[in-house]
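Chain nomenclature is as follows: A, B, C and D, assigned in order of appearance, with residue numbering initiated at 1 for each chain independently.
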């Protein structure tokens, strides 16, 4: 039995549907996730894959408690965080970090890279030797130390995403949520980021939930995979087994729809 | 859905108007000056003051006064002007058409200047033409109507006296009008000699009001056009073989104008607010000019009435903008 | 290769930014009639610029400074702007990337599909309407009347992309520029759309200049490929040849950096810095030569 | 519109505008040293003297005199004092009040936003000039009334812009990340959002200084600003408007002064904004 960092049972998330808000009173709730049960193993990258509208990003936001679930339990490292109020969450926040899809939006444009990486550490009582810590965080993701003095707009896309990784990992969290972190990147940069993340995960023993729409990327990086569709889990299990023998039709369709960079004349008609 | 939104909109309008009524009521009643004392001849006794006070309802408590006044307003009774000793509503309605004609003329002038310049700037984007429009627009925008008015008085009143700089109509003229909408009526009655005289009086004040708005329309609409013109459907229209001007008029203009509509609506209310001082500057007999006199004379009922009418015009403009936005936008129309 | 007539021939095409930097560096390529030619590269490779230069919709400030574009034997540079616009409108079409922004939100679908036929090509309104109904059937839209009367926001993303494809083929263009037409779509929808484009292309014998960043898409749809880097064509080959034996180091590196679900984790290789250094040298050499030729 | 203009030679307009504003500030501070005459000294022998280049001018009265024989240049220089004080104090007050409410409304949303937005709606339903005249009439003429009136009326300008900009920023992922890190709401608002809404606030603050000068001039023009004897630009303009056909210079010089000052404030603000904004979005 593998050691579990997250145990999720009956997770439901509903969000207010502002488009159908009545004149007075609250907007009706729209169910995004319809009761999910799954676990995330420690020291393991788990891929969460699905097409648009599958609810994968909502799931991620519930795991790091940017959203409060409407029902179910989310047990993280022995604590049910599903309904913890913000003050009670605070000590756990250090262990629940996130890397975002778009570093243009996730890095504050008015702060230096150094300040961006230092702020979480200062907040969580790691203010001593802060410059050394920032330098170490940058070195870890393969950026030169003098990048600490730069601003977001002075970096390339790949470098920005490295900063996002450095910031999330600076706190040495138990869990990192990576939400579509390579989907805005070119393949060559994407390959670098994937390789880096893979290497850091094994070095630091990270537990990562890796959200992506790209099964090829999931295959490259993740030991376990959860396939989602319309707010439900279609299939979950070890990645190798899932690709070798997908149990569900939807998974098979999803895999078959990926165009491989190989000549295959009847792929289109299949 | 649409109906609900409309009702909600009417409710917020009512709340806004009520708020305006409360604010103006409270503000003018903390005034230290005594309006009654101002209207009495020297040597009037305290009992005269008391009698007048009671006559205007000023002897009651503030909330009582407010309830009485608001009750009257809801029945169309805005009270009696203290300084002019006439019904406030008829005073206001007598002056309102002059202000509305001035503001509407200014709006038309602003659209006539701003629209074509915006289209020209968007067509010539990235060139010296656009840079020139930007510089001129930026300057016109930061100079308020009051200064434009003074500047235009100098140019057209003194240096090259082409237009009139005082009043609404030449006093020597015989006016056959039945309403206060002189401009409209002169056109309807085909009395174009009067139209010309009215326009000669209105041209400079209207231009002073129009210039800042024209600058805003130019810059906002041009920016919006430029954004729209980078979108795929505009590129697609060019590929179809349409010329740049056709592309702007057929594909870009409507979608670019929609998002600027709300802002232009707000700016139009600013323009109407500007009529207060511009009318003063040009001795134009409109509502704003009367408002300043009312403040100077501490004519409480008249001030209240005028402020409320202005507020009503403003919320109606915003409502009209929202409605036209909904009508022009298929996304909302088909809710 | 048999000598098929050329649909499009681009020779030594260079385009510059306002600051004088080149975004296209002497690009040459040929597209045979009825063939799908893929332009593949990463961001900044200038792959979209080629299509835009051909269609005459380069972004403000970008100028074609050199080179020739020959469409079915007509050199576009020799035409007056209005004539060029009409030729482009009659012989070419564009399938854009983002179906969400490629349809005018305030106009109904029908007029947006017919306006090229009626306003540019002078068709009678009735035959234009009949034509687009035909085309909508070809892209498997079952309720053409509903779609024709709809506003864009009333259709799904996949549906809008079908409409755009139908509109592109409606005037029987000889060449279509497809600018990343499936990038914004989910994989399952992408496959349907690719199949649709391939179908129509074969049936109508239309040549397509297919711009994409995805080598997988290239392999499935194109007969010949140009690989671009920094506005240069680094390799040009028939598709089977390119995927069997890529010649240029950059093409090889790009293939190694593309993840495949059929290959286990270890096979992925980031682009080697030596390759990038070599490419930088090539770019510099090309620019030096260009500067010498142009003072 | 801003970005396109801002990238074109931001420094030229920053310097030109700054230069003129510096002149105005120096005039305000060193008025007694710079003014050639006592701005209040009337001399009916010297009434409506023309400026120096015209026949009939007197030395010592370079820009001529008004209808009471007071030196125009000296009155303009002393008028700068009132203008500068009003510009600085009123604009800062409006800025503080409006930006604080705008931040709160934009960041917290919900009831705070609803109440503040309603308040803004009510305020915007007043014609601002009439509101200012009314307030000054109620509070009694004087410098402090003018300042209070401007601040009380113009905070909405800041509130609307800051609220809208805050809502844009609050949707950014870096705000979500700050929550992930565990920062409190006030801390996020003040240390993450505020720095990003600062450039428009600065531009608006400078613009508002120009507006405050104008409002003061308008109030003087309708005789409601400070005491009628004290030299103010608006007061001189009011007089100039009356004698426009006899002595145009009484209107022209304060008008030019006001024109340049207002233009400079707005251009200075735009220049500062692009200077302050190294971010290429």
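In this text, a contact is a pair of C-beta atoms (placed from the backbone, for glycine too) under 8 Å apart; a residue touches a chain by one contact, two chains touch by 3 or more.
What you see is a predicted model, and the numbers here were worked out from it, not measured in a lab.
Graph distance from chain C to chain D, where chains that touch are one step apart, equals 2.
Judged by contacting C-beta pairs, the busier of the interfaces A-D and B-C is B-C. Inter-chain centre distance (chain A to chain D, centres taken as mean C-alpha positions): 49 Å.
Chain B and chain C have Cα centroids lying 52 Å from one another.
Between chain A and chain C the centroid-to-centroid distance comes to 33 Å (mean Cα coordinates, whole Å). Chain geometry summary: the mean Cα position of chain B and that of chain D are 22 Å apart.
Considering their complex, residues 18, 55-57, 59-61, 82, 85-86, 88-90, 92-94, 96-98, 101-107, 112, 115-116, 119-120, 151, 153-154, 164, 177 of chain C touch chain B.
Chain contact summary for the complex, chain B toward chain D: residues 12, 15-17, 19-20, 23-24, 27-28, 30-33, 130-131, 134-135, 137-139, 141-144, 146-147, 150-151, 153-154, 157-158, 219-220, 222-223, 266, 269-270, 272-277, 280-281, 288, 291-292, 295-296, 298, 303, 306-307, 310-311, 314-315.
Residues 42-43, 186-188, 190-191, 194-195, 198, 213-221, 239-240, 243-244, 253-265, 268-271 of chain C touch chain A in their complex.
Of all residues in chain A, those touching chain C in their complex are 51-52, 186-188, 190-192, 194-195, 198, 213-221, 243, 253-264, 267-269. Within the complex formed with chain D, the residues of chain A that make contact are 64, 66, 89-90, 93-94, 96-98, 100-102, 104-111, 119-120, 123-124, 151-153, 167.
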